[in-house]
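Worksheet: one structure, shown below.
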Amino acid sequence: MSHPIKTIPGITKESTEELIAKTLEVYPEKAKKKRAPHLGANDQASGSACVKSNKKTVPGVMSARGCAYAGAKGVVWGPIRDMVHVSHGPVGCGWYSWGTRRNLMTGKLGVDQFAMQFTSDFQEKDIVYGGDKKLKQLLTEAKELFPLAKGISVLSECPVGLIGDDINSAAKQSAKELDLPIIPCNCEGFRGVSQSLGHHISNDTIRDHIIGTREFSEPETPYDISLIGDYNIGGDVWSAKALLEEIGLNVKSVWTGDGELEKIAATHTVKLNLIHCYRSMNYMCKVMEEKFGIPWLEFNFFGPTKIRESLRSIGERFDQTIQDKVEQVIAKYDPIMQAIVDEYRPRLEGKKVMLLVGGLRPRHTIGAYEDLGMECVGSGYEFAHTDDYDRTAPEMPDATVVYDDPSEYEFEKFAHALKPDLIGSGIKEKYVFQKMGIPFRQMHSWDYSGPYHGYQGFSVFARDIDMAVNSPTWKLVESPF
Amino acid sequence: MSAEAAVKYVTETPESEKERVAAWINTEEYKELNFKREALVIAPPHTCQPLGAELVAHAFEGSLPFVHGSQGCASYYRSTLNRHFREPAPAVSDSMTEDGAVFGGQNNLHEGLENAIAIYKPKMVSIFTSCMPEIIGDDLVAFLKNARNKGIIPEGMPVPFANTPSFNGSHIHGYDAMLLSILQTLTEGKKVEGRCTGKINLIPGFDANTGNFREYKRLFAEFGVPATILGDISDVFDVPCDGTYHTYPGGTKLDDAADSINGKATLSVGPYSATKTFAWLKDNYSGKHAAIPMPLGIAKTDEFIKKISELSGKPVPESIKNERGRAVDAMTDSHQYMHGKKFALYGDPDQLLGYVSFLLEMGAIPYHILCSKGSKKVEKEIQALLDSSMYGKGCKIYMGKDLWHMRSLIMTDPVDAMIGDTHGKFACRDAGIPLFRFGFPIFDRVNKHRYPIIGYQGVINMVTEICNKFIDIKDETCEDRFFEMMR
Amino acid sequence: MSAEAAVKYVTETPESEKERVAAWINTEEYKELNFKREALVIAPPHTCQPLGAELVAHAFEGSLPFVHGSQGCASYYRSTLNRHFREPAPAVSDSMTEDGAVFGGQNNLHEGLENAIAIYKPKMVSIFTSCMPEIIGDDLVAFLKNARNKGIIPEGMPVPFANTPSFNGSHIHGYDAMLLSILQTLTEGKKVEGRCTGKINLIPGFDANTGNFREYKRLFAEFGVPATILGDISDVFDVPCDGTYHTYPGGTKLDDAADSINGKATLSVGPYSATKTFAWLKDNYSGKHAAIPMPLGIAKTDEFIKKISELSGKPVPESIKNERGRAVDAMTDSHQYMHGKKFALYGDPDQLLGYVSFLLEMGAIPYHILCSKGSKKVEKEIQALLDSSMYGKGCKIYMGKDLWHMRSLIMTDPVDAMIGDTHGKFACRDAGIPLFRFGFPIFDRVNKHRYPIIGYQGVINMVTEICNKFIDIKDETCEDRFFEMMR
Amino acid sequence: MSHPIKTIPGITKESTEELIAKTLEVYPEKAKKKRAPHLGANDQASGSACVKSNKKTVPGVMSARGCAYAGAKGVVWGPIRDMVHVSHGPVGCGWYSWGTRRNLMTGKLGVDQFAMQFTSDFQEKDIVYGGDKKLKQLLTEAKELFPLAKGISVLSECPVGLIGDDINSAAKQSAKELDLPIIPCNCEGFRGVSQSLGHHISNDTIRDHIIGTREFSEPETPYDISLIGDYNIGGDVWSAKALLEEIGLNVKSVWTGDGELEKIAATHTVKLNLIHCYRSMNYMCKVMEEKFGIPWLEFNFFGPTKIRESLRSIGERFDQTIQDKVEQVIAKYDPIMQAIVDEYRPRLEGKKVMLLVGGLRPRHTIGAYEDLGMECVGSGYEFAHTDDYDRTAPEMPDATVVYDDPSEYEFEKFAHALKPDLIGSGIKEKYVFQKMGIPFRQMHSWDYSGPYHGYQGFSVFARDIDMAVNSPTWKLVESPF
């Protein structure tokens, strides 16, 4: 799709580059040199990245990034509801990632859903003598205590790799003994430069251990699809899945929000993989395409404009039946969405937003803000790659600032200069900007709200954005004394 | 790739089986199986050392917490503090990656220090480690010496550091290690023979309640006793929203901390979370030293007040006597709402001892007492408290257990309520009992950290929250005919 | 005896009929019928004048409240205060009975004064009336003159008195009348030309929250501005339990009250419950005078703080600016839990105005606003607040209505919560919504009166209670799949 | 029943009289003279009152007494659940008595149960022009809004009598027009010397307007009784009624706790009136005895000893069937009660209690305390008459102090001298004594607990008394500083 060039009054390539240069002034030379290529002015027409990305974080700059383990546990594995996910190593990693990502699950905790923290709680002696024996014992204990778990993932933390434990062989042996899928995932936090490698490693592990190990018992249909890269934050999957079903598709498996191991294992039999979060799961889509010939399609379920476009693109991959349903669904929701826009747009028109999120939302949500009359004056990712930034360029207004893995300092300076009416980023940034009196929404966790996906999600999104921007509390920030 | 031959189909667990297991996990049989666990730890309510180190690294003027290790670790610690306090928690890491394992972390540390100091302009950088450097054996003493030699660390800038391996102890030990290093660093060479600041130094220990810190300060002020809180988070994690953001909004003044070695006395109220610090202080600080329990409940607050009086040589002021009387008044007036109520509780040793003491004072029963990371000494001290009261009869202590054990306890031997942190909410939901969030972290309620639980005011706060919740429950669950105007 | 002829049997109302009526009373049709009422008043949330008079009669040093009227009245007032504060409320009556109607109440008054003064040794006896003497027309001026002449009242003992007929106004007017008389009595002849105490006099108005009083005092102290609270209940109804009972544990010092006429300034924050007092003061007190709203919410607290600064000529201290910032921080951090939530509220005008202002500041909607005893002026002032915010749109004010009207409102046009006193609990139960007990009286929860709702700290207290309750409800009512660690 | 003489070490007639004399020292002569006859040392052997009672309260002494309205509204009328009780006059009286007595009710508020406050909210103009017209209008409104109300009581407050309104004729007229029992009750607060006259007036009103106006539709049985003088505080009636039914009796009506108007109206057909609170309802028992020949019997359902005695006395009024059931019931509960006593008595043995309550409990509860090993060292009533004190004498240990309508000052002085371990009195006294560090239970309202009647009640009573006396909070009262 070619986009018209959007501009923001007062923002030019020059102004943005000046802003970047001024921001970097405080940096030591080496750091400045490292950081400069990660900050740029968007070239909307080019449709390609204006920044470098997926590089090591510069030490000491206060990055928002996480690690490979975080990507593996928090994003890919954690949301699979019917598995026991063991954080293998010291207690902390599992503790920090326990319940903090809002990937909702159906089922009963400890019965057929396992959102607790499982850890091997490494002690000094495990470091010295190795943890493989402990691992095997805990796998047995997990199987005994949680008989309905469909499998166990073993997610390595830093020490495991560093001391040279062989979790793969331990897992393999236990899997056999316990007659249960036990998936070892070498996602130590020191691997790679961000969460991103954790996604990739996890995808590879799914490829190696899971995909193709099951088939659906019911007959295939032409409308079988899987929903990839939706983690059910605040119920996103439930909204997205319902919408896909409304246009006549059979959502056979979900990766991995509220996901089920065996359905994921049988995904190789679907007709199309629909992928929402490209960054975290494009690997598996590509694998399934290569290996099983399953085509895949990126889509965007944020905001009525993008949803409409996405539904039509999806429809194009199917027959007239689906295409007709797509039109019916669009016709059904258009007036509902218009009513929402009519309610909130007058209160949000012309408001500026800046984003810094993970691997999808910095570009995917722009349309939704625009549906509400807002414009995006800066965007960036914690852990994106060039292909993400390529996809971002056409969405962002021209010449606006793009930042890759920005330091808190950079983000603050940009915000100070651009004076956004809203910032959408993570918990680590939230209170920094709120202290400055800038409205903020956590855009990793939907700020404990959601869903934001699909038509259902847009009503929640619009309400939340209005609430954040127009909360009367902001008017109180400036002291009269 | 899987080596399976025959086609395996996707299966569905039958509802009846789910129901069977759902009932089974609540049984005594399951509890026994659960308590047999030796390797698997499920939902432990403690975390790793660096978190505690970061908390106290924030607690000094202009101090920038610096994680020597993977950046992911730093993000986890920061997020935890952000969520609990709903406040910023600026900290950096030196972003060690794979090559660190090969070459060691010195380059990362040096580059990180250079950048952090240039960008965030700290007065002090407080370094602590996560797993990787601990395992590869980074020599921080040498690295820092080199950094000074290379001019990376500006002249005179204190750079304390603590080894805080995650595979050892818990957040309270990391707190202790970092605090010790900060004090050692700041006081080095500051001891002046014959000098006395006239102040009492207070070591609160690991405590994530900013209200407690303000309350300590208020009590000292009420006494007219000058005090230095060593590791004061009150203005760090309870910051006004006035349109400006400050990286270092508060904390113990570095000069005060340095001069604390010449204090009139040093009082620790975190005996289990500042153990090593206190042991070192005793040998190195001027003046008197005392370690007493955290002032939770009346008796332990009395001990605290008496100790201030003793150490300062000042009589207990009338205003504090009146506060005590008002707290006791709140207790006598509402003892009936807590008397005989059974509680399950868990947390860090210092807090746990206080909860037990307070509950016994109210005639409530601290029935299941769980400490996921305690010691024999803690256990003995709790047991002594239980033995001192008829309301301690039949209460049991579970050391080294986790919240999945706790779930078995409350499902098989029910209680009326739980005291803990946010993580207890799942077990409480299953048991249908309220959770009183006095611990750390609290992710799911607002402002809890602004209300002190220490001191006499803390007693009133705990009494109020607990009693009113029990009345809420009565009002919400009683039949119409028992729904009444008065309670 | 009944004149019925044919035998009438005991009947039972059929269940179906009960169900029909139970459904009917929740309908719009019923609401209309209900709002047509002109004579019957059902569950009005205000009481009679003497209750307010007694509250302020307790609020001065050594003052014994004295009910001229039936002893039953006195017992009712006392019990109400006992239940609300969970504190003693020593007050006497002169136990008028039938013969009072015939002979007038002078004998009772004189004997009562003689006994009360002998037994309870007050420094002041504060007399107010219940119905009987008001109807028979007792002449208190004459009675008291006679009492002085007969030596029943010791030389120099102030004996203010107020006519507080129950068939007129409400508790806030009784408060006003008694306060006025106390101040008139105590300041008589005390005005000294050229003298200025340097103090600000504060008139809090009818307020049964001891925490508010402590908070006023703390704020003045923070300012370094000496102040006299005229009618200070904080040490009267929040008394230490220390093994001793004192009939007069606190209250505004009589000398301070007497000297208040020479104050630097006088500030009323109870414009609707100290109206006459303030009007009199303006004409009689030295210094500046100002009547501003009760400081509830940020804007009204700002006004209060600015006014202290203006009247005292002192700048707003940093500590108060920081308090403000922390309150705003609590609001910005948790606005999402209250934003758009609809509230029903009722209470005395001063409080009601504050609730409305605070709710609008949070983006909440003060949807049904009910004042059982208000005036056109109050209504206009509330309406002006509503008009000032987009969150006031569609909100309606109901003057002169009662809690049975309120029930119809919330059953036909639901809200998320109610703010009021204990009496609202029945309607809230039927509507399935929480009741935030910020009003008076609170009979069914503990310690609520110890937590200020005024000032910036009051904002934090209200935010905390309201937001955490909404989160409680979410946690308690959500499906398992929406039950989460974070909120 | 003749009682053995109980004594308390250290308490003699002389010590008690000295205490009284010292207490009165502070009083002016006239007041001293008035008060002295109301304070005395019990003469247990005599079985008769040692004090004067039912006299006007001495002005200015701080009495705990209420008024006639309080007795009528709070005690007799308020608990009748299916009537609308209008507090006729200014707003206060109804407001103060609204929900503060804990007479529990079944039914749905506003549908078939009316525990709200109903008031005519007199204003100045009603005083000037009279309130009869308003009364008639509000009766019509009440009937419209509460169609299931079985009747309306109109309870006069002081002004109504003083201005000369004729509520009787207004009520009569409205009753006819609305075809509904409307009962006017002239219980103005200035009448009499305490609540007591309110009880009497209300009894008379029941006699004049209600009794005999209905009959039970089901056939009479020899076991038909009514339960009189139980107000269902904290559920007392439910406990007592269940126990009476367990011994085979049919409890046809209850006066008036959770009572129903029409059943009360048909009480004249029962075989025996069982009366618990003699003070408040003996009038009606006597009337029914005279007029309908219904015998009546006092009983005491506090504590196993008194319950046992009472059940046997009740049994004696019936045939062997009932007497056998009585013994079965006693045999069933004796071990349960013994277990309770075994649990609590060791913690309460020898503890001293002082009482000051209404018209029944200062004597009726003594046995229950004694069942727990406690002894009563002082007792008195707010509004008792000589016949109450006669009944008290045998229950109280010899020479202990008895006080009628004591002032707070007297009560305090007595407590100071006698150092009780528990005081049982009302809300106005509670916090006075708690400040002194003396455990206290409200014995009007069961301190928001209950029931205390019957076997069920004793388990609650014993727990509560233990809790009050042994709460560790009392140990904290004395400051270490």
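Note that the chains are named A, B, C and D in the order they appear, and that numbering of residues resets to 1 at the start of each chain.
The working rule: a contact is a pair of C-beta atoms (placed from the backbone, for glycine too) under 8 Å apart; a residue touches a chain by one contact, two chains touch by 3 or more.
Computed from a predicted structure; not experimentally measured.
Q: Looking only at C-beta pairs that count as contacts, which pair of chains has more of them, A-C or A-B?
A: Result of the comparison of A-C and A-B: A-B.
Q: With chain centres taken as the means of their Cα atoms, state the distance from chain B to chain C in Å.
A: The separation of the two C-alpha centroids amounts to 40 Å.
Q: What is the distance, in whole Å, between the centres of chain A and chain C, each centre taken as the mean of its C-alpha atoms?
A: 53
Q: Could you give the separation in Å between the centres of chain A and chain B, each centre being the mean of its C-alpha atoms?
A: 31
Q: Hey, how far is the Cα centre of chain A from the one of chain D, in Å?
A: Their C-alpha centroids are separated by 68 Å.
Q: Can you pull out the residues of chain A that are in contact with at least two other chains?
A: Within chain A, residues 98-100, 108-109, 431, 434-435, 437, 477, 479 contact more than one other chain.
Q: Quick one: which residues in chain B touch 2 or more of the other chains?
A: Those would be 83, 86, 239, 241-242, 321, 324-325, 328-329, 332-333, 423, 426, 443, 484-487.
Q: Could you classify the connectivity of these chains, where an edge means two chains touch, as line, ring, star, complete or other?
A: Its topology fits none of the listed shapes; call it other.
Q: Which stretch or stretches of chain D touch chain B in the complex?
A: Going through chain D, the ones touching chain B are 98-100, 102, 104-109, 235, 431, 434-435, 437, 445, 447-449, 463-464, 467-468, 470-474, 476-477, 479-481.
Q: Which residues of chain B touch chain C in their complex?
A: 83, 86, 238-242, 321-326, 328-330, 332-334, 337, 422-423, 425-426, 429, 443-448, 450-451, 460, 463-464, 467-468, 471, 475, 483-487
Q: Residue numbers of chain C touching chain D in their complex, please.
A: Checking each residue of chain C against chain D gives 1-2, 4, 7-11, 13, 17-18, 21-22, 25, 30, 33-34, 36-44, 46-48, 50-51, 66, 70-73, 75-80, 82-83, 86-98, 100-101, 108-109, 111-120, 130-132, 135-136, 165-168, 170, 239, 241-246, 403-404, 407, 423, 426, 430, 443.
Q: Report the residues of chain D in contact with chain C in the complex, numbered from low to high.
A: 26-28, 30-31, 56-70, 86, 89-93, 95-100, 108-112, 116-124, 126-127, 134-135, 137-138, 141-142, 144-145, 147-148, 157-159, 162-163, 189-193, 195, 207-210, 212-217, 260, 262-263, 265-266, 407-409, 412, 426-428, 430-437, 477-479
Q: Across the complex, what residues on chain C touch chain A?
A: The contact residues of chain C facing chain A are 298-299, 302, 305-306, 309, 315-316, 320-321, 324-325, 328-329, 331-333, 335-336, 339-340, 360-363, 389-391, 480-482, 484-487.
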